[in-house]
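Every chain is named by a letter (A, B, C, D and E) in the order it is written, and numbering of its residues begins at 1.
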Amino acid sequence: MSTKKKLIYTIAALAALFIILTLCEQLLPASSMLFIVLKKGAIYALVAVSMNLVNGFTGLFSLGQAGFMLIGAYTYAIFTIPLKEHAAVYQYFDGGIIQFTVPILVALVMAGLAAAIFAFLIGLPVLRLKSDYLAIATLGFAEIIRAFFQWDAFGPVTNASNLLRKFPTFDTVYFPFIVSGICIAVIVLLINSSYGRAFKAIRDDEIAAEAMGINLAKHKQMSFTISSFFAGIGGALLAMYQTTVQAGAFKSSMTYELLLIVVIGGLGSVSGSVLASFLFIAASEWWLRFLDTDTYIGAFKVPLLGSGFRMVVFSVIIMIVVLFYRQGIMGDKEFSFGAFGDIRRFFRKRFGRKEVTK
Amino acid sequence: MEFITSNLPYLLAGISVGGQYALIAIGYTMVYGILRLINFAHGDIFMVAGFLMVYLSATLPIYVSLPLVILITVLLGFVVERVAYKPLRTAPRMSIMISAIGVSYLLQNCAFYFTSGLAKQYPVIPGISSSVAIAGATTKLVTLVTPVLTIVLVVVLVLLIKYTKIGMAMRAVSRDFETSQLMGIKINSVISTTFIIGSLLAAVASILYFSNYSTVTPTSGAMPGLKAFVAAVFGGIGSIPGAVVGAFIIGICENIIKGLGLTTFSDAFTFALLIIILVAKPTGLFGEKFTDKV
Amino acid sequence: GGSGGDTIKIGVFEPASGDNGAGGKQEVLGIEFANSQVPTIDIGGKTYKVQLEVVDNQSSTDKAPSAAQTLVSKGVKLVLGSYGSAVSIAASDVFGKAGLPVIGISCTNPQVTSGNDFYYRICYLDPFQGTVLANFAADQYKAKTAYILTKLGDDYSVGLGNYFKEAFEKLGGTVVAATFPEGNSDFTAFLTNAANANADVFFAPTSTDAASLIISQAASQGLNIPILAGDTWDNSVILDAAKGSSLDVSVSTFFDEGDKSTAGSTFVQDFKAWLNANAEKKQNNGGNDIVSAVSALGYDAYMTALQAIKNAGSVDSAKILAAMPATTYTGVTGDIKFDDNGDALRTQAYIKSVDTANAAWKFVAIQGIK
Amino acid sequence: MLKITDLKVNYGGIEAVKGITFEVPEKSIVTLIGANGAGKSTTLRAISGLVKPGQGNIEFLGEEITGKTPEAIVKRGITLVPEGRKIFPDLTVCENLKIGAYLRKDKLDDDINWVYDLFPRLRERSWQMGGTLSGGEQQMLAVGRALMSRPKVMMMDEPSLGLAPIVVRGIFDIIREINKQGITILLIEQNANMALQTADIGYVMETGRITLTGSGKDLLVNDAVKAAYLGA
Amino acid sequence: MSGNILHVENMTMQFGGVIAVNNLSIDVNEGEIVALIGPNGAGKTTTFNCITGVYEPTNGCVTFCGSTIASNHPQGKMKKLYAGENKGLYKRVVSHTPDQITKLGIARTFQNIRLFKSMSVLENVLIAKHIRARQNIFTATFRLNYREERKARRECLALLDEQALLPMKDDLASSLPYGLQRRLEISRALATNPRLLLLDEPAAGMNPQETQELSEFIVQIKNKYNLTILLIEHHMDLVMQISDRIYVQDFGRLIAQGTPEEVQKNQHVIDAYLGVVEDA
């Protein structure tokens, strides 16, 4: 398919997406769970794609994502809480010490930068480590970061273990979609660039990549830092979505969740990560909710259903998906418009046969 | 004397925690050594063993429930391997790890669902649950039993892996399934054996650990699991003596840190120590470099 | 199955999994029990069936908004919950935007209601509780030094610890404070530290998980410092852990199972009967029929909600919200009346201690603030 | 003793072996030659159970072994020296040899010494990790490891790859010697010249099919074979 | 033949007790094809690894186009353990990483093929252009480097065309048959625009016919790209046919050197490596 045609298709798809979103906003009640899924899904999609950049495309097994999201979320929150709310939010710390605010978009970029700077510093010592050693080191860093943000001594800045809140948030689904969309687009551009190829080369064979003149340390550092930049922005968006931030939420289990999404979507597939994010959020926070409630059909109580059952079913579903889609939903392929052609051909075949039997 | 009485408790606690981490860590490191899999479910198997004891001992006498717990735990480890990992032998490593995370979620959520999440009291096991006084410090007998038992088990395991046929097969399987099969090794039974040994150790560790701390909750496997994993990395993943040394270092350091009053960072410190070690020795204390000739 | 078509939905926003899952479940039990007792409500001559919509917020601030949204999308008119202050705060925006009145049950952090004029709460607050306990420590044990152990990153724990510290220092005592990280299971170092610091009381406002670890390790170490804690410790788990030891454990709470008032004792009796008749519910209570304070509070919250709806004379959220400030109710945990902030006016807390021989609670005092 | 009938093997969509039939008589040396990608290695992998054939039969001593697991096939006495050596990098040279005899229960010392005599270089390196050996040393070890199992049929996939000329000659001597001891040999070689000189029967494979069959001597003088595989 | 391009001086590489390369000195002149042969385990691959920066030699010095790319003396534990010669000679410590050395103009192939398995044939070659293009991560991401990128693509396609790899440019590298993989590896090395090309057993796994084709191919690329080639090979036909000079290594040491004819007749070489002289 020619580049031009691809571009036209892409623009058409984006326009269609925009129209669908607008229709949803107009037609569905504001309380619909769909919006929650769309908002959180978009945010998770960004973070998952950023994680895929490191884990899937560069082959670095990093488990620090939650830590970088935390930094992003806090940076955003700290610099955007309106001054008049400081007294209430920082009630144990005399209104905090950061006594200025910046515009939302600036704060988003700052969130990314803060995460990227941390990642850069962390990367210097740990990126030399291989596979699982790197994983545990990054996980460790995320935990250390969390402990620091909860520390009382930093209270005037971070509000210690108390929530940060009252910062500006978003109402519509457009905001997270547009921000995530732009970020993901940049990541995709990067992946398809010369640097993206270098990352993939490192993933496939470090020694050969080095023999091709690729500076391993520098490129790993780049991938790690850029991924963290976007994770930071994702964290800031998550803060906006949650309307509150507390370090306690950014546990390693959040990283595992993201890793799940990345692997289920397909390591090395951006569209897989995006798709898996929405499915994951919808399944875990919407579709399966009914399993948690005692349900009666007439006087008959449906067995097993009850509080906590949802999570049991959810874990079983994860296992099933992993066992049956070993390479993830998308493998390392990307969604392509060419696939539409395949589907059309498939249906034509089916349809054709039916007509014959008539 | 004053110094000893006020500081001995930290050391005792450190040694016993270290021993328990060690037993869990060996399970991690063995499975890792063979499947290159971080078995995230290992800590949860340990937790399930704890609950099994709680429920079994409620109806059965201790001397029946004790072996039964070990047996069922081993069976659980075996089944988990067969159901969740075996079908993924040829899948990318990451998929198996996700499967392990899935199992971990499943075990935790099931435990939550069936126990409603409230802490359960672990039964008193005669012989190890009673308190003793050493040099003025009071502690449970289990504190003294743990390190001894750990050392004995480790020596046995190291001998097994270094000098027996099955041990050699384990090391062979760890690098190459296909070629191992060509040697006539039944890789499935070798892997199962590994899981059985690992689960056995987890069961023993759970008995010691919960006797010491007396409470079981659905999440009580998570932290020891993570710590044991850190210990395994610390010592160099795949190395059994490494895992044990790592576990003791972590257990003792943690308690000394707490004793110094730096409690906020006792976990952060563990990780910081780990990172420092890794930066100095990228494959852990006893980890061997991956031999990969250019 | 009920007859008649009209129902009013009340949302129950509680954790059923995660760190606070166990407590959340017990709170839900109280609500469900109340619902089984009073399943309908008459408004304007019409009988409405009250239907509970229970949702699990997983004790996690990042899951709370979607859980809250689930309730909103189901069309509930009023919400009860949650156990745990952080999730309550995290969800408050969603409820606020939907214009729903919310009645907090056991979330004791001041931030829950401050600035949220749709958020009400029927329990006392941490500043009050902390002060009560500090007073109790000074009165009962003549304590000069207190060792405070809180959980890092847990706003309930850290907050209550701080209020206790403030009050205790005001009373002329000195404080040694420490925090433990999440997932910590070895508390012997902290206990030894407390002993080495010659503390007169050991104050540990923590979740029940940590509580039972602390107690059993204190027992095996032969600790002889009295242990104090807040409302979360009013739970059968504590009794199990302390059984047979020689520890002195006291907690402040909203409710006393041995309450001799008629309302209280009927509630206890009926609730136990209800639990015992229903294996699954009993399972959710930890497998026994000991009434925890949060269940009693849950019961009262439900009743208060019905009272508010009655006062509003309508099933419209806005009307119910308008009727909230004036709503009063005499519940099993005492009189409930809201102040300007939406917080229940409470002046007294129950102090109970563990009877280690029988694994039961024994009533110690009703403690107020000096 | 080994009979392959209409064997087909697919990798995903690609058919690497497209229905081949051949036989390996007892105590013979049979060689498969052919260009890169002809499907030779795939054939051996199918016989040893590493890939499941899409179609066809493999019979060993009258018993059907198609679809059996590799370890079951090894147990019956068929050993493979795999392509690319496949040494266990974390085992010592000595352990690599021992694991070759995994299914044997008797004493191994004599055999180990025998292999060391065949490849003195390995004796020097007895305690070195397999992974750090040079390419040729690994190849020797791979052959030695297979010898340790005392097989009935030994399948060798390019055993001379990366070996010095002097050792290559040695390898073919060894092949003849163990053949004399009664071991049947199925050999893949790029060094077609030597292979055909040694072999009793030769098969030529091209893109998944057997295109020529004959005794080693006959093929050696066959013009087509000469042009394609022996160099001008 | 013009000036010296690679100069290896007294190089020793010792792993624990094993001396893989022992006091080796070789020279390669511009425009030559030089072969390095020797028995298995003689240290040939290790020599390559030391030249390309994969290993730091324990002792000795390597010069490429007049600039030192590696220089070392026994350090740390090696100080005591060292069993080689010329211990105190090289005070300077220079250790370039493999990527730096590639940038200077040395490219190599590997004894065990190391392609980027999950990438297409074209991408494998494009990787080599990454370092030669004037770009940074920002310009690359936003395609401000499109001219460079287009040029790289054009060059790579031309290269593939030449090597007859163009028809499978979109296939996965790992799905190619062995012989083509070797050829792709050479193309990839060529794409880095090297002055010196190191080939480690390029003819392994090829039959005599293919080997013949390969030797023509090597001469052809040498002339076309003005290369100097240093190669390791066990196929004597190829070595004798194309090399200008031959070095023979055994147990890490140089045991002979000279023209193919000289080496072929050398008794040491025959004993250690060739065995009975083949009737050509």
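By our rule, a residue touches a chain if its C-beta (ideal position, glycine included) is under 8 Å from a C-beta of that chain, and two chains touch if they have at least 3 such contacts.
Computed from a predicted model, the values in this text were never measured in an experiment.
**Q** List the groups of chains still linked by touching once chain E is ignored.
**A** Drop chain E and the rest stays one piece.
**Q** Please flag the chain sitting at the greatest distance from chain A, going by CA centroids.
**A** The chain lying farthest from chain A is D.
**Q** Greatest Cα-centroid separation from chain B: which chain?
**A** E
**Q** How many Å are there between the centre of chain C and the centre of chain D, using C-alpha atoms for each centre?
**A** About 74 Å separates the centre of chain C from that of chain D.
**Q** Can you work out the whole-Å distance between the CA centroids of chain B and chain C?
**A** 36
**Q** In whole angstrom, how far does the Cα centroid of chain A sit from the Cα centroid of chain E?
**A** Averaging C-alpha atoms per chain gives centres 44 Å apart.
**Q** Give me the residue numbers in chain B that touch at least two other chains, ranges are fine.
**A** In chain B, the residues touching two or more other chains are 109, 112, 116-117, 226, 264-265, 267-268, 290, 293-294.
**Q** Could you tell me which residues belong to chain A and also touch two or more other chains?
**A** Residues 147, 150-152, 207, 306, 308, 311.
**Q** Give me the residue numbers in chain D that touch at least two other chains, ranges are fine.
**A** Chain D, residues with two or more chain partners: 132-133.
**Q** In their shared complex, at which residues does chain E touch chain A?
**A** Where chain E meets chain A, its residues are 52, 54, 97-100, 102-103, 107-108, 110, 114-119, 123, 126-133, 135, 137, 140-143, 145, 149, 152, 188-189, 192.
**Q** What residues on chain A touch chain C, complex-wise?
**A** Interface residues on the chain A side: 29, 31-33, 35-37, 40, 88, 91-92, 146-147, 150-152, 160-163, 165-166, 169, 238, 241-249, 251, 254, 281, 285-286, 289, 292-293, 296, 298-299, 306-308, 310-311.
**Q** Can you list the chain C residues touching chain B in their complex?
**A** Touching chain B: residues 17, 19, 21-22, 25, 152, 178-186, 188-190, 192-193, 196, 208-209, 211-213, 216-217, 220-222, 235-237, 240-241, 243, 283-287 of chain C.
**Q** For a test of understanding, state which residues of chain B touch chain A in their complex under the given definition.
**A** Touch residues, chain B against chain A: 32, 36, 38, 40, 84, 87-88, 90-92, 94-95, 97-99, 101-103, 105-106, 109-110, 112-113, 116-117, 226, 229-230, 233, 237, 264-265, 267-268, 270-272, 274-275, 278-279, 282-284, 290, 294.
**Q** Which positions of chain C touch chain A when the two form their complex?
**A** Interface residues on chain C, with respect to chain A: 1, 16-17, 21, 25, 28, 53-56, 60-67, 69-70, 72-73, 75, 86, 89-90, 92-94, 98, 110-111, 114-115, 152-155, 158-159, 162, 179, 181-182, 280, 284.
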